[in-house]
Amino acid sequence: MSDKPILKSHRRPEVQTSIIPVGNARFGDGSYPVIAGPAAVESEEQIMRTALSLAESGASLLRSGTFRAEHSPYTFKGMGKEGLWLLEKAGHEADLPTVTEVIEPGHVELIADHADMLEIGPDNMQNFVLLRDAGKTQKPVLLHRGASATIDEWLMAAEYILNEGNGNVVLCERGSRGFDPRTSDTIDISAVPVVQRLSHLPVVIDPAPANGDADILAPLALAGRSVGADGLIVSAHVDPGASMAGNGSQLNLDEFARLMDQLGIPSLRDEIDRVDRELIKLIARRLHSSVEIAIIKAAKGLDMRSPDREAELIEEAVQDGLSLGVSREYVESLMTTVLDHSRSAQQKAIGS
Amino acid sequence: MSDKPILKSHRRPEVQTSIIPVGNARFGDGSYPVIAGPAAVESEEQIMRTALSLAESGASLLRSGTFRAEHSPYTFKGMGKEGLWLLEKAGHEADLPTVTEVIEPGHVELIADHADMLEIGPDNMQNFVLLRDAGKTQKPVLLHRGASATIDEWLMAAEYILNEGNGNVVLCERGSRGFDPRTSDTIDISAVPVVQRLSHLPVVIDPAPANGDADILAPLALAGRSVGADGLIVSAHVDPGASMAGNGSQLNLDEFARLMDQLGIPSLRDEIDRVDRELIKLIARRLHSSVEIAIIKAAKGLDMRSPDREAELIEEAVQDGLSLGVSREYVESLMTTVLDHSRSAQQKAIGS
Amino acid sequence: MSDKPILKSHRRPEVQTSIIPVGNARFGDGSYPVIAGPAAVESEEQIMRTALSLAESGASLLRSGTFRAEHSPYTFKGMGKEGLWLLEKAGHEADLPTVTEVIEPGHVELIADHADMLEIGPDNMQNFVLLRDAGKTQKPVLLHRGASATIDEWLMAAEYILNEGNGNVVLCERGSRGFDPRTSDTIDISAVPVVQRLSHLPVVIDPAPANGDADILAPLALAGRSVGADGLIVSAHVDPGASMAGNGSQLNLDEFARLMDQLGIPSLRDEIDRVDRELIKLIARRLHSSVEIAIIKAAKGLDMRSPDREAELIEEAVQDGLSLGVSREYVESLMTTVLDHSRSAQQKAIGS
Amino acid sequence: MSDKPILKSHRRPEVQTSIIPVGNARFGDGSYPVIAGPAAVESEEQIMRTALSLAESGASLLRSGTFRAEHSPYTFKGMGKEGLWLLEKAGHEADLPTVTEVIEPGHVELIADHADMLEIGPDNMQNFVLLRDAGKTQKPVLLHRGASATIDEWLMAAEYILNEGNGNVVLCERGSRGFDPRTSDTIDISAVPVVQRLSHLPVVIDPAPANGDADILAPLALAGRSVGADGLIVSAHVDPGASMAGNGSQLNLDEFARLMDQLGIPSLRDEIDRVDRELIKLIARRLHSSVEIAIIKAAKGLDMRSPDREAELIEEAVQDGLSLGVSREYVESLMTTVLDHSRSAQQKAIGS
């Protein structure tokens, strides 16, 4: 692709990563919004209960199928328009923006009117008419990579949307067809940084494990955040075993809450407990490191006190604090406490 | 494989994850040892300088090729025995255990005598004679997954080693052959948790990016740790452009140091700076959360002070601290500082 | 799929292979119709000249793109309706039934009105809305396998068409995405007999070589016939280098004529020359075999003449001839000539 | 690979296809020798009965495993040396050259002493030490393509053998790992002509069907010949169900004989029957074509007789015959018979 003209999806020196807002969620700003929901809207009660629970657990978008692409003509194709109204209602109640798949050009307008984001699934990544029509709206589009699409083909699919004037594209890496049934469709984690360097579009991941095992999903979700993905898709259902769309790799609502907890996306109260625990761990690490240094210095006969270094440390911390909205006074008193205890532990350790 | 007899490599209820020590490094204990070194030993100066620098940056093992498997008969095959002596010497100097590839049964004993770990590369994963002979030693073996091996085939290869009585096998996921040259050989990150559930053997990853771009390696290394891998392989060379083995995806020594820093494996001095920065970030987060709560409480007309909750928070923190070797006094003075500032910020926010 | 309910596309004991007629061509009756034409209709002159030449060379259907699925939004998408009228006209002039791709549900009716067969390309194999709508017509449908579709998924796509009441589906194996750029998309020749045993639908192949080399296409076309495929797709253009759709693997018209000749689909005059050449080769083989037998018999002291065997041979040949519309008299005189010469060559060889 | 130095395996203008003789079989001369035998030598009776039957059915080489590469350490690894002696004996009795797999460098000499061809399996295609050692003999080597090897990597593996001075390499395409269990490992038929244009080495195919179905093997074997492969590998066993090596895709001996018959590799007696049948088919085709021409000529009012054309036809046939060792007299009398009957059928058809 190097000898081709620059594409609209490509990163150029003067182009920042695109930040795509959908409701309160933002893709591409360094956050890790979680898009969650059941494979299909099945009833008002099902989608309502699921939506409220997901919101409470920290989900950022509500996603569910209403017109569904299914490999067999004999399986549940979704509730259609009625499903769309219910999804809209559930999103409203739970204060979550909604996303649902669009599978034919004729439905683009309808879905754009009732959902906050259009989803184009892997089977339709090269349905160029659909891409073009999605590009004629200004709705954000969640564009899955096809099961055997190269990264360049995926970006070319995005180009169809961008070229119509709709720049609100979020890419989704969801695994490529592979030879090992234990992991296929195999999530291509390296696609995330590769695409982020090629393109200015945000990239989320949908790491539904091949074996549908909730235990496998959590490490993959964590890996997705570490690799720098701009968000996560998780399927969750109030009762996966009873799902009309196959339980696939849908979590139940408790599993979803636990996953969010592992990702560190908790309630405010939990947040404070968590911070305090980390605070204590950090000062413990700091204490032990400073004691080790003291022992080495003592062995080498070096002077223990370095008042200049301490003053420097405090000032750096103050500057950091100010940039984060913490007052000089607060940081100084904190650092004084920390350094005092550090010093006395050092003295105790070297027996002086 | 479910209907087959249980394999020695399989996890059974009564079997813990195997912890495989190699020198001071331990695979499978929850740590993330980094195996690093140049593709090939090329000279005494090259391997010595590289080894000392990698050790300083925090590497846990020194890895380099001495007898090398190369796809072409016309490229550098390694220094052979002389390379092996140099690797041994460099490992000794830098105080790092060593690992080097063994490519034929006739060399197993030789390499076992002079290195701390045998490496069996992806091309030889189904060289069953070599596997068997490696199993006849008690040396730890680093067993790469073949480029198109299924997980079950990989475990069967490990079984050849285990079946000879050598249980010291560390698996290495290093990417499978795929259709997209931008990411192939494509790292199969989901293989890590899948194998860890199937088998008690530790699994490291070798995420050398397809495009050899150092910028891509860092996020993959971080993702490897998040997904729960038991270690990391990174190629690093004192001067990648001059490497006799192709610069492939070898980092230079500064890039390696930076990567280790991103992984949070720094020097002691750096550690303290880092902790202070995190400390300040944490108290900022805590401050903002408590202000948010205050605003909500005020809106609902609820009482701001909750002395019981504060006492409880302090006591929890003290207990956490004690378990980590931090004194009651230290924690109490820290938490008092934190809570005082929290309270005054809350009052300021709600204008009371 | 073995435990699933029988599908309409599946072969059942009582179901014969479906024979799908399109104009004078028939898919599934043991013949090997060739579907040929340029990637896109570009002008009246281009499609007219191409169509007449292909017909003269023995093509059975005329295929060309009018509304085209292209991976990039910036390349030629076809002449649309005008292209469709020109294709219809060219098919009429050359007396060839026509086939063209349909890429959106809204065009199904239009194309069904003006072409003899609808083509659904690999990118749209899982565009289920399009499949369903094609199923609502009675037009024959040429359904390509997706680049990473399993055989079962391909048959499920066909099922969408069959389930709407249109049984006129011809499958097309056109290669799967693979890791070797020298052969990918790699034609899966074994899919032909596998599908023919699973399903009653005819299967053609589209073996366009990865490297666009006309020399590679001929052996693949021959292999397709040998493996039992029900037809062949070949792209051919009056001037491939000037094609607006990329020259891809389009043959020029002379290369196409040569390919047809290699497939033994020649003009009547050529046919007679060819038969005569084969006739002479066969009697030479027969002569040499009978001489070898004579030598062995002589060595063993066995009697040379076996008048009963000769009479039997002649009678068998006569019966074969009668079943093919050749008179007894003709066969008897032919076989007498053959046997006489055989006998005299034998006698000469053993020196009697 | 275009910018790399020319390899010894590459085709250069002045280099013809290499013809590799193994016993009476020749690879690369346009023939299609069949390499057949059981997966493993299991007993004297088993290999002897199999060898004699395969020879009778027309096999050209006897192939069986003696030291076997198996994915599991717990399955049958072959009879080793004893198996090798038995294979040698069976080959001698059945007058077939033998081929068996070599899986470690230490065995190369032993196997080269007792078999006519060394086989290097797909798992060892990149066992470079083994390749090098096989190159140090002058024995023909049958080199399988690895399950995910590119064509260029395969030729590089051959290069290891050629570079040691052994030019007797026969390549074997045996299928690549794919995503569809119904056809994987998927035979890459297009690799045959692609390799034949890149390299002067002969290429055989081993199209063992994924599902082990003998019915699928026959069309693949025919396709292999049509695509221009230089030979075929077929597994056959006296009692596949009782095979110690798994029945895999081994044919029984009757199925093998039937396959050879479908390939037109019959006994002498069968050969004559077959030729006669083809002879009759050909004259029937000729008769019908000439009648069609007569009808067209009559419709256009053209003269029926063209004595010049007839004389020309006879003379061409005579020359063809002479080049194949058939006398002028024989061809003239044959062609006179054919033309007489042609003429009278024409007259009858047009009612003159």
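Order of writing sets the chain letters: A, B, C and D. Residues in each chain are counted from 1.
Here is the rule we go by: a contact is a pair of C-beta atoms (placed from the backbone, for glycine too) under 8 Å apart; a residue touches a chain by one contact, two chains touch by 3 or more.
In this text, all values refer to a predicted model and were calculated from it rather than measured experimentally.
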item	value
Between A-D and B-D, the pair joined by more C-beta contacts	B-D
Chain whose average C-alpha position is farthest from chain A's own	D
Chain A and chain D: spacing of chain centres that average the CA atoms, whole Å	55
Euclidean distance of C-alpha centroids - chain A vs chain B, Å	23
Computed distance of Cα centres, chain D from chain B, in Å	50
Set of chain A residues in contact with two or more other chains	148, 176-179, 181
Residues of chain A that touch chain B when the two form their complex	148, 150-152, 176, 178-183, 186-194, 197, 207, 209-211, 213, 215-216, 219-220, 222-228, 268-269, 271-273, 275-290, 292-293, 313, 316-317, 320-321, 324-327, 329-331, 333-335, 337-338, 341
Touching residues (chain side chain B, partner chain D) in the complex	5, 69-74, 103-106, 123-124, 126-129, 132, 146-148, 153, 156-157, 159-160, 163, 176-177
List of chain B residues in touch with chain C within their complex	177-179, 181, 184
